[in-house]
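What follows is chain A paired twice: with chain B in the first complex and chain C in the second.
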Partner chain A sequence: MAAELLMTPYAMDRFMGRLIAEGPVMGPRDRRVQPGFVKFEWLSSADELVLEYTTTTIPPKKAFFPPRQPLFEFELSEPPTITAVQEATPFTLVGVHPCDLAGLSMLDDAYAREPAEACWPAARARARVIGVDCLPDEYCFCFAMNTCNSREGADLFLTPIARGYLVEVLTEAGEEMLRLSDVEDAEDEDRSQAQAFRRDKGNRLSASIDASPEEFAEILETQELGELWREIAGRCYSCGSCNTTCPTCFCFDINDEFDLGLTGGQRVRTWDSCQLQEFALVAGGHNFRRIRWQRVRHRWHRKFLYLYRTFGRPYCTGCGRCSRACTADINIVDVSNEVIARARGRV
Partner chain B sequence: MPQEAPIPRFGHKPQVAFFDFACCEGCQLSVLQLEEKLLEILGHVDVVTWREAMTETSSEYDIAFCEGSITTEEDIERIRAIRKQAEVLVTLGSCASGGCHNELKNQWSMDEVLGVVYGDDAGGISTIPSRPISAVVDVDYQTFGCPVSLPEFVTVVSCMLTGQHYEPPNQPVCVECKLNDYVCVYEKGEVCLGPVTRCGCNAICTSFGHACQGCRGLMDSANLPAMLKALTREEAHSIMRMVVERHSLTEDEIAAKLRIYNNWPELRMEEAQPDDD
Partner chain C sequence: MREADSVDVTEDITRFYQPELARVIAKQRLSEMMVMLRLQRASGEMLEHQPGQFLQISLPGYGEAPISFCSSPTRTESFELCVAAVGNLSEAMHELRPGDFVGIRGPYGKGFPLEDLRGRDVLCIAGGIGLAPLRSLINYVADRRAEFGRMILVYGARKPSERLFKDDLANWDAREDFETLYTVDEADEGWTGRTGVATVPLRDEVEIDPTRTTASVVGPPVMYRYVAAELLAKGMAEDDILFSLERRFKCGMGKCGHCQLNDLYVCQDGPVFRYTQLIGRSEAIEVWAPEDERQ
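Moving on, here comes the complex of A and B:
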């Protein structure tokens, strides 16, 4: 068991202040224009940090894999030049929920697989991560996806208790960070409150997928269910919000953008989405998933079949962001359970 | 400093003319608002005709920026002549490239429209159903938005001057909205046309917390039947249930919202989509 300490709200505030003074810190922050909607953002002072929040639109993967990321700058001089855009500053990512810790870890595995991607591990190596426990809303199903108590990749983990936060020290980097803080020894009462918090969280998580990951993968692998996918596709905009909000999605597109000087520019990569019509369009004009229902089905296959088989766990954290973001109200738990029910009804 | 070398495509510093058809001329005004970027562009080209910005005119030009919709027989003649002269024709904004407000009149007969606008003075005035410039002549580059989306205008200019093709994005505004990490207006109980509207404006309206009104027009495979279902569905989860209950929109009301920018060709809510089976 990792060491457990107590940090009072006052100590937390000072700790965050010192972290921010030491280097860049990204964490959940309220929006100035639209208060009440928290997002991960670079913090300029400790009082901006919102440690109690339900969820964010965009997951914290954006700290390591920005939605729009310049890869290099080019000049069409003689000879042409290329300058890589490289970030080297270490930073701290604060306030990551357990499901999102699992999401980051899934991307670690996915990007490490050959041919390995270079930007993600480089960015991960620059960062320390502080997790925090949370209470779910009706869209969350992390319990069903076995991520609700994840501590993966966290250096410190915080659980809200009456006296402040119970701090789990999970790595040496976490211990090192605590040199900046005034922690106290936790008492039994603090520990039992943290346990009660986790129990309460578990009790509130009602949404669940009605089959084991293995059974669900088998169903997706063996059952066509074309009619169901067509029904869902009839309601789907192909807007991609279920991908652009997903902590486990890793696809990107790459484009060159000229400056107005017309002699140079940037190569930029941006998040892509398999729900968009042109996602699987290749040179020569062939589109592997031109039809909408094929793309809808692909999202389920990708998360619960292909990557489950490749990495040994479903590539879904149960964060519910895709369902919250879907303006067609296509809910990942409902659709999954409908798939399971129809498949079982058939055999 | 902008480079002064000739643009390879034209072999000389190209001459640019701006023209307007039926519109509010807001797009030209927007281009003027580019300020510093406009100065950079002007380093590469000579503007010879631009009624909104200068008094001189010229009948010699390489590049024509055309704004507005085609609404009369004379417009057709005029745009054909421009097409003949210009090596490159760029349509500016939604009136010229897509639907926009002008096409609202296409819901009625032209006689009715003339009667409403001019009453007894309608004699001798003729009008035709409004259409984008691309419905009349070939267009090399299109820009959308009401007024024109400036990020797209800048991209199109750099593509045009470097001889590259520009394909208008065929993705909804939601993509740009999410990549910018904006709050979805549906989460605040409002209706947004972003899921069916062609992006390219960098989701400027939702950045201020306002719903997308669809000014860039429908994307190619916009799923309109899905919008009907989403906005009238009773068994929705909390966010969409809030939207459905608050607005209780009818099919006609949803169509009316969409028609504001999308009545060319005539809006059909039930139309099968190119990527539907």
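Moving on, here comes the complex of A and C:
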């Protein structure tokens, strides 16, 4: 068991202040234009940090995989010159929920698969991660996805208790960070409060997928459910919000952008969505997932079948973001359970 | 563990997204739509590839796209690509002149399995610009003739003016040890050869020993299902039929998701697939798929 310490709210405030003084810190803070809505953003002072929040619209993957990322700059000289855009500053990512820790770890695996991608691990190597426990809302189903107690990739992990936070020290980097803080030894009472917090969290999680990951994968693999996908796709707008808000989606587009002078520019990587119609379009007008229901089905198959088979766990953390984001009320738990019910109803 | 106040990431990023430079050393117009570029790495080093593999080629400012090698790896001092003008990048590539630079990443992907082809009869079926990647294989067979059995090429172009590699076509046709069947969809005044789609001579004129033959098929998506039916009718095993598939590619390395065909990444697991790999995969819609998946 990792070392457990106590950090009071006052000590936490000073700790964050010192971290921010030392280098860039990204963490959850109120949206300036929409207080009460929290987003991951660079913090300019410790009092901006909102450690107790339900969820964010955009997951913290953006710290390592920005929505828009220049890959290199080019100059149209003879020969053209190409210069990599390198971010090298270390930073700290604070306030990551267990499900999002699992999401980051899934992207570690996905991008590390040979041939390994380069930007993601380079950004991960620059960062220390501090996780924090949370209480779910009605969209969360992390218990069902086995991510609700994840500590993957965290250097420190915080659980809210009466006297402040119980701090789990998970790595040497975490221990190193605590040199900036005033921690105390935790007492049994602190530990049992943290346990009670986790129990309470578990009790509040009601949404669940009605089949094991393996059974669900088998259903998707073997059952022809075109009717159901068509019904669901009948409500979908192909807006792509379910992808952009998802902590396990990692598809991207690459495009060149010219500078105003037209003598140079950048090759830029941006988030992309398999729900958009042109995602699989090629020259000549062939589109290999032209019809909306094929794209809707693809999202489920990719998460719960293909990536599950490749990496041994479903590529869904149970964060509920896609369901919250969908204006067509396409809820990932409801649809998954409908798939399961129909498949079982047949046999 | 972080000790210094910056982390060295130079190697990493370069490896994945950044192209190296190659120089155009010759350019030849093959048809109204197509040019062939002969290229050499700026470093002067050889680029080893297999027939059927592709390069991610780019022009800064215009983007990047996958293009198949159309030269044989037996001819190593340079390599050739054949580009159709269909969009932003490919139109700009038509403007390139000898001496100009392009960016390249690769070679990537799984090409034609030469080890399995050795000793067997090689049946190539090309439609339209599908002849480009097959030219790499055919010239490989030509240069290592003794290692292969029969070499049969069925090639269909839309019009005589769209036929590619006319010199190669004539050379292959003249060889005693090559069997060639050329056709066009629409003849013009000068055309004296076959007319009609490629599946007709394939069906009526090609006799094979199905146990000794491997078929390599590259063409427009509409062609694949019909060719598959003809080959199966000749008694070929599904495992001996190879299809090269086209999808949208962005990364070429199994990460961006654009090329996904069910659980396969066409850029990594292909672009050349055995028919057996595609059967049962609903998104291989050009090869087989229930009617309502195609639409």
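In this text, the second predicted complex is superposed on the first by the 345 of 347 C-alpha atoms of A that agree within 3 Å, B and C clash if a C-alpha of one lies under 4 Å from a C-alpha of the other, contacts with A are read in each partner's own complex, and residues count from 1 in each chain.
Keep in mind that, in the parts below, a contact is a pair of C-beta atoms (placed from the backbone, for glycine too) under 8 Å apart; a residue touches a chain by one contact, two chains touch by 3 or more.
The model shown is predicted, which means the values in this text are computed figures rather than measured ones.
*Asks:* Check the residue A:K39 against both partner chains and state whether it touches chain B (first), chain C (second), both, or neither.
*Replies:* first
*Asks:* Considering only the touch criterion stated at the top, classify A:I291 as touching first (chain B), second (chain C), both, or neither.
*Replies:* A:I291: touches chain B and chain C.
*Asks:* Using the superposition on chain A described above, determine whether A:R344 touches chain B (first), chain C (second), both, or neither.
*Replies:* A:R344 sits against neither chain B nor chain C.
*Asks:* Is A:R68 contacted by the first partner chain B, the second partner chain C, both or neither?
*Replies:* first
*Asks:* Looking at the overlay, does A:F258 come into contact with chain B only (first), chain C only (second), both, or neither?
*Replies:* In the superposition, A:F258 touches chain B and chain C alike.
*Asks:* Touching A:P90 in the superposition: chain B (first), chain C (second), both, neither?
*Replies:* After superposition on chain A, A:P90 lies in contact with chain C alone.
*Asks:* Touch test for A:R199: chain B only (first), chain C only (second), both, or neither?
*Replies:* In the superposed model, A:R199 contacts neither chain B nor chain C.
*Asks:* Under the stated touch criterion, which partner chain does A:D329 make contact with: chain B (first), chain C (second), both, or neither?
*Replies:* first
*Asks:* Considering only the touch criterion stated at the top, classify A:P80 as touching first (chain B), second (chain C), both, or neither.
*Replies:* Second partner only, chain C.
*Asks:* Indicate the residue numbers of chain A shared between its chain B interface and its chain C interface, in ascending order.
*Replies:* Of chain A, residues 258, 290-291 contact chain B in one complex and chain C in the other.
*Asks:* Looking at the complex, which residues from chain A come into contact with chain C?
*Replies:* Touch list, chain A to chain C: 23, 71-72, 74, 76, 78-80, 82, 84-90, 110-111, 113, 115-119, 121-122, 125-126, 128, 172-173, 176, 226, 250-256, 258, 264-265, 267, 269, 272, 274, 279-284, 286, 288-291, 294, 298, 301-302, 305-306, 309-310.
*Asks:* Which of the residues in chain C come into contact with chain A in the complex?
*Replies:* It comes out as residues 1-2, 5-10, 12-19, 21, 23, 42, 58, 60-64, 84, 86-87, 90, 101, 103, 220-221, 246-248, 250-251, 253-258, 260-263, 283, 285-286, 292-293, 295.
*Asks:* Considering the complex alone, what residue numbers of chain B touch chain A?
*Replies:* Those residues of chain B that touch chain A are 2-3, 7, 37, 40-41, 44, 154-155, 157-159, 161-162, 170-172, 174-175, 178-184, 186-188, 192, 194-196, 208-209, 220-223, 225-227, 229-230, 233, 236-240, 273, 275-277.
*Asks:* Under the touch definition given earlier, write down the residues of chain A that touch chain B in their complex.
*Replies:* 31, 33-34, 37, 39-40, 57-58, 62, 67-68, 138-139, 230, 233-241, 244-245, 257-263, 270-271, 273, 276-278, 290-293, 323-325, 327-329, 331
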